[in-house]
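Both complexes below contain chain A, partnered by chain B and then by chain C.
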Partner chain A sequence: MSKTTIKTKLSRRQYFFIIVQTEIGVGILSLPYDLHSQAKQDGWISLLIGGVLLQIVLLVIWLIAKRYPDKDFFQINEAVFSKWIGKGISLLYIAYFSMVSMVLLLLFVRLISLWVLPQTPFWILSLLMILVCLYLASGGINVMARFYTFVSVLLIVLLGFVVYSLKDSQIVFLFPILNDGWVPVIKGANEAVLSFFGFIISLVIYSKVEGSPAQRLRTIFYAHWFVVLFYLFTVITSFTFFSTVEMSFIQEPLLYMLKSFDFTIVARLDLFFLSIWVVNVATTLTTYVYMTGLGLTDVFGTKKTTPSYIIAAFIILVPPLFIGYNMERVDQFNNFVVWMGYIFSVAFLFIIYFISLIRGSLQKGGAS
Partner chain B sequence: MKRKWLGILICLTLLTGCWDTRQFKDIKLVLAIGFDQNEDGGVTETVSIPTVRRSTEGPANETVQVLTTEGKTPREARDHTDQMIANTFDPSKAKVILMGEELAKNSIQPIFDQFYRNPNNNLNAYIAVVEGKAEDAIRISPPNDPGISKYVSGLLEGQINATHSTGENIEVLHGELLEPGIDFAVPLLKVDKEQNLLNFEGLALFHNDAYSGEFIPNHQTTLLMLLEGIRGKVASFTIKVTDEEENAIRNYLTFRVMRNIQDMKVKVENNQVKVDINVKMKVRVVEYPRNHLTSKKTIIDLNEKLSELLTEQSEEIIAVIQEANSDVFQVGRNVQSYHPDYWKKVNWEEEFPNITIKPTIEVDIVQYGVIS
Partner chain C sequence: MGFLRKLLGNRDRIEDTSNKNQGQQPNQPSSKKLSENVEYLLNEFKRTDDLKIRAMNNGQAVLMYFEPLVDQEKIQQNIFNPLEMGHVEHISEIPNARSSENLEEMIPTLLRGHAIYMEDGSSTITRFNVTSVFNRNVEEPQNEKIVRGSHDGFIENLMINLNLIRKKIEHRDLVVKYFKVGKKTNTNIAIVYMDGIADPEIVQKLEKRIKSISVDMIQSPGYLEEFIEDNPYSPFPQMLNTERPDRVVANIMEGRIALMAEGSPTALIAPSTFFMFYQASDDYNARWYTGTFVRLVRLASFIIAIGMPAFYIAVISFHYEVLPDELLLPVKSSINEIAYPPILEALIMVVIIELIRESGIRLPSPVGQTIGIVGGLVIGDAVVRAGLVSNLMVIVVALTAIASFVVPSNELSTTLRLMTFPLIILAGTFGFLGIVFGFLFLTVHLTRLESFGVPYFAPVAPLNINDLKDTFVRLPLFMMKKRPKDAHPLQEKAMGESREWVQHEQDNNKN
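Moving on to the complex of A and B:
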């Protein structure tokens, strides 16, 4: 990695694709099912509600980042909370990012094992995945950004598959709307928010992106709504393809939908879909490996970055090996990380913002 | 140099993919499966396994082996089959699934669970009910086709193209099995032992997941499909339009449907469900030996006559459907979607036979071939 690549700032287009690729990941396959399990056929409303609510969080992210234009997230922590407390908080975040990565890895391998490779042992699949991510992440954010932009073409292919399934959809399955009232829909919004948790990357790398704050805010919003619409489309397609009762049985609706089509050359479209989806999982996981590694570099103040990524990859790889295919433990761990997600990706951001506000006004008061 | 060797080593160890290979030589692909009910409540499974023997000279010859096993569940029956054949049984390319009449009348959902649960299975397989036993159907050896699976899937595809059936496959069936307010119809086949063939009898009407015993005979299935708004490649009718002629052939008119627009309206009035099904067809006359089709009046008269006759037939079909309590028009799902309050109040199972379904068919002759 030459020095020029470090200094080049990311373009806003790259920023857009990093956010999009980070948010779209493992969850896309089961998102319709998760929404449906809470809100039945109104799940798509939950998704929209989740999307709108997150808009507020994104605004807070921007407000925080705007105050520290040349610091990445972990440096902001130190600036806001003073050096040692800040480092402690950064460590918590590193723990959180690595736990999210573990969940991603567990869910990914579970799905691959279920659908394609039932005999392959857990460790080989997870090792392969983490190696790819480590390689990509140690290339630095610029390399990642280029790669993410490049593979975003694949999103169009994914979309194409889903569009094809529309031919068998029946709009009648979306009705009746709001028959059970708003309560299940609000509960469903919880599931919806989960699927967006990658948005924290927009805070972590904000300072590395060129453009005025307003321009960058716009990019964040564009990326967010792109993902919302992408999800919305897949959710509505699944909901109209499968009948309401059927949906409650099918955990990966998108795959199941594609499985039923048969072409002369391609007998199983779902396998094609899966192999493209693997790239999306890899990009998501890479981002988390990157964030974990970046955090380690910042906290320990090391000069070389690659060792941090290797340590990060190691931390992420080992615990899942002990959980393996055990569904119950995966689910427990997943639920735990979801709660962590609410704390670290939502609640704590507000705290950071308010403390930085208070400190800012104190300093102003002291100066006058 | 060191790096290069390291790269090669990594590639060699990681990219071989030795685990999940499924080699063709290790498995026996089963292409047609038949299920029957046992007397003790279990399942009899009949499978047809084709094997291709390659010889060094001449064309490969295909032999078909048919096996019948019993088990408490379809999966156990399969394990029993596995114990009788040299390789592993693999139904992932099954093309045709046949069900015996008795099994169909009982419940078919348990049979299909295994197909939904395992991702390898082919959800495109056609399904059909066989009058009598499915085993007999699998055991026939059709003279012209290489195997029963090709023969039956060809037969069923022909029915889809000729607008005789919906092309029900396992995947479509899944939703229809589970969803209240949606029922379905499956092709009904009959074994013709003398000619060693199968015969498409009509569409077996299902209620929930069981065959009601009623079916729409094959001369009315096209009309049923058009009432559902489905048209295959060809949809043709031969209808007796008059009794006046001495020569019996002259009494009939044959036409093909070129375009059809189906429109179903579901209304709830005074706690009564009223359904209007309107079908408008633009048709081409392909055979009408009786008369010239030059004057506008003749054509208008014929339009009226055909519309009236087809509407009458539709009423007959709907009467059978309501008697079988088989909601193939998905009226129930419509009521649930657009009149949820009413849906909650009634028991649709009991309500469906009593609702009013009014079909209206409009035929419009737009072409009559190259002679007038």
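Moving on to the complex of A and C:
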């Protein structure tokens, strides 16, 4: 009878947009440059390879989540590793999620200060950002899902900007293909994988989504390929807009590209692009605040959720204040978190899966 | 019991519906001695002077009533005429008389404007309904005018308001429930909904919230609103208030609940969504192209009303580079001479506009026009010439003010004008980024808001593509076959196939 209670489960459309909005974030501006620095004009191939390889990880995520249909990620940890070890591992993940958030915050504020507000102190911008995220995350996953779906309209606007730039693109810049062989391309795939690290959200909230496992797997893949294609489009546009030589100097090719256009009504499209990009950063960061907060709630078994989010936001906000605009340390920290990403978002998932398999078969054996 | 009778169509007996409230009254049996009864009542009413005691039968009987509340003509007509004409032998035999032996019951009865008749030697009290009623006409509300459509409006009398609704929905499922709220004022509250369409859970929620109100005075639905809305700290109104019967009826038919109070022409609609505030009856009476266009203009006015000054400030104080070269010179020359920073300029102008608006409302209308001229023309012109505010800023702020008045709901219009201030400050400190953060906070807030457990920002967040037909656009009515989901209607289907005759006619033509 009551539709409100049924509604507490996320629809698959919301699941799709949560994954998409989480993955598309800070990285989109620098992704073409990062790919280019490794694989030159073949960066887009790296991106595709990365996208294809990640499907394996997504499959593992699905296999893990399918075994525990009514548990969120942190509860799965406890189920797989027994209570206390599981809690410890959850804490490690919480640390990882909060560190990713810190990197996001650092990179975001750095870019804003580079492009728009060079004089503004670090703490104001990061505080504003984290407040928005805290406000959104403390509303719960349902509110987040609604919001993400709504702001996905902005992705179309972003695409519109990029499509407009296609008028000056030159396919020639993509050639020669595979000039230096496959090695740099594979190295570039490493860079590509980084920009997808938000996919872990699909594991964390899997149990809160309606639909059969197969349907949900399909949604995960759709979302993943949507992001891959979105990235691919922006990467190819920037690669064809700038020549290979130019690309190696330009850290944010999309912005420079848009900066060059001049309309009769407005100039400097990059500022508008950047404004919309802020929303994407906010959604990504919110997801991480949410995951951190959810982890804290689960690990400490608190009944109220809002305090955990406040604590999460606090943990995320404070350390970056000590790093600030110090580029060297930002980069060091970034590299460190990338490694953590490989461990926690890829390698460890396999471990969780195998242990859960072993436990499952042991229990089955014990039962029979 | 009362509302059941009402449902059966016995609408004109106002005293019947109030009977149920008397069941809870304390009992004070009347005595056979007239003087004791009169004394008791006089004491209960603290010997107020307007309680009239009219002695009859040489002091053997009295007729008591509140002089300001009764209609002398009705007394003559209902009580004395039948006696004089010899239709009845005794006063208690008059057909519309009711009798009781409970003195305590007489207190609210007298307060409602009834007259009571008591005799010495009998404990029976007879009462008559002789209330005088003063109503204004059911004319179109001043604050919600439309071009086409019905031009009636609610008034201060609850019964007449309910009459207007019942006249528009002639169906057995229309339910009216009464509540008495306000311990001292005893205000009559009614909720109206369609049984079988409105979600019973929401009805229960509303009833529970109304019942839990414990205050001495309730004046109007606006007063009530703060006690029962989900989030009283939000700047956004979470219940639509309207004085238009057609708007109320349309919303009731969508499965929402209307809440009305005696003494106020405003009806509250729950649950409400943000986009309901942008729907006007006009949209549905005009052709749908026009309806769509007007609604788009209205929604654009939302963005203009809250974002325009902020955007202008951000551009001229942070992002000059956004202006194309041709525009740069005129803009620069207009603001070059101004002594104050743009954010101060904007705040001054917005405050001035608010002053003009507020004084315009309070003053009698001939003087109000003077204020319009003095405020609009003289101040506007002088302030630019004096070099305090740039003329571009005047344009921007004036446009903002106009845009904020486009909203068909006065409530939301005031909210919008309030929202301009934080956005102006954010834009003045962070430029575009500030605006983005402002809008982020705003949309997150709207997404988080709920009105009686129903998401406020529906059908946009959560997205419901089917309901978008009547949100940004207004598609032809025969395409809206389902009721909007956000009100949780029990019956989704609102219409069947209504244009199948097209097919028939085509078939006929072929033959």
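Keep this in mind: the second predicted complex is superposed on the first by the 361 of 368 C-alpha atoms of A that agree within 3 Å, B and C clash if a C-alpha of one lies under 4 Å from a C-alpha of the other, contacts with A are read in each partner's own complex, and residues count from 1 in each chain.
As a working rule, a contact is a pair of C-beta atoms (placed from the backbone, for glycine too) under 8 Å apart; a residue touches a chain by one contact, two chains touch by 3 or more.
Because the structure is predicted, anything quoted here is derived from the model rather than measured.
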| item | value |
| --- | --- |
| Most chain A residues touched (candidates chain B, chain C) | C |
| Which of chain B and chain C A:172 touches, first, second, both or neither | first |
| Which of chain B and chain C A:282 touches, first, second, both or neither | second |
| Contacts of A:120 with chain B and chain C, given as first, second, both or neither | both |
| Partner chain in contact with A:151 - chain B first, chain C second, else both or neither | second |
| Which of chain B and chain C A:14 touches, first, second, both or neither | second |
| Touching partner for A:359 - first (chain B), second (chain C), both, neither | neither |
| Contacts of A:139 with chain B and chain C, given as first, second, both or neither | second |
| Which superposed partner A:242 touches (first chain B, second chain C, both, neither) | first |
| Touching partner for A:218 - first (chain B), second (chain C), both, neither | neither |
| Chain B and chain C contact sites that coincide on chain A, given as residue numbers | 116-117, 120, 128, 262, 267 |
| Of all residues in chain B, those that touch chain A in their complex | 14, 19-20, 116, 119, 122-124, 169, 171-172, 174-176, 178-180, 182, 330, 333-334, 336-338, 340 |
| Interfacial residue positions of chain A with respect to chain B in the complex | 114-121, 124, 128, 172-176, 179, 242-246, 249, 255, 259-262, 267, 270 |
| Contact set on chain C toward chain A in their complex | 199-201, 318-319, 321-326, 430-433, 435-437, 440-441, 443-445, 447-448, 453, 455, 457, 460-463, 488 |
| For the chain A and chain C complex, residues of the former touching the latter | 1-4, 11, 13-14, 112, 116-117, 120, 125, 128-129, 132, 135-136, 139, 142-143, 145-147, 149-151, 262-268, 271-272, 274-276, 278-279, 282 |
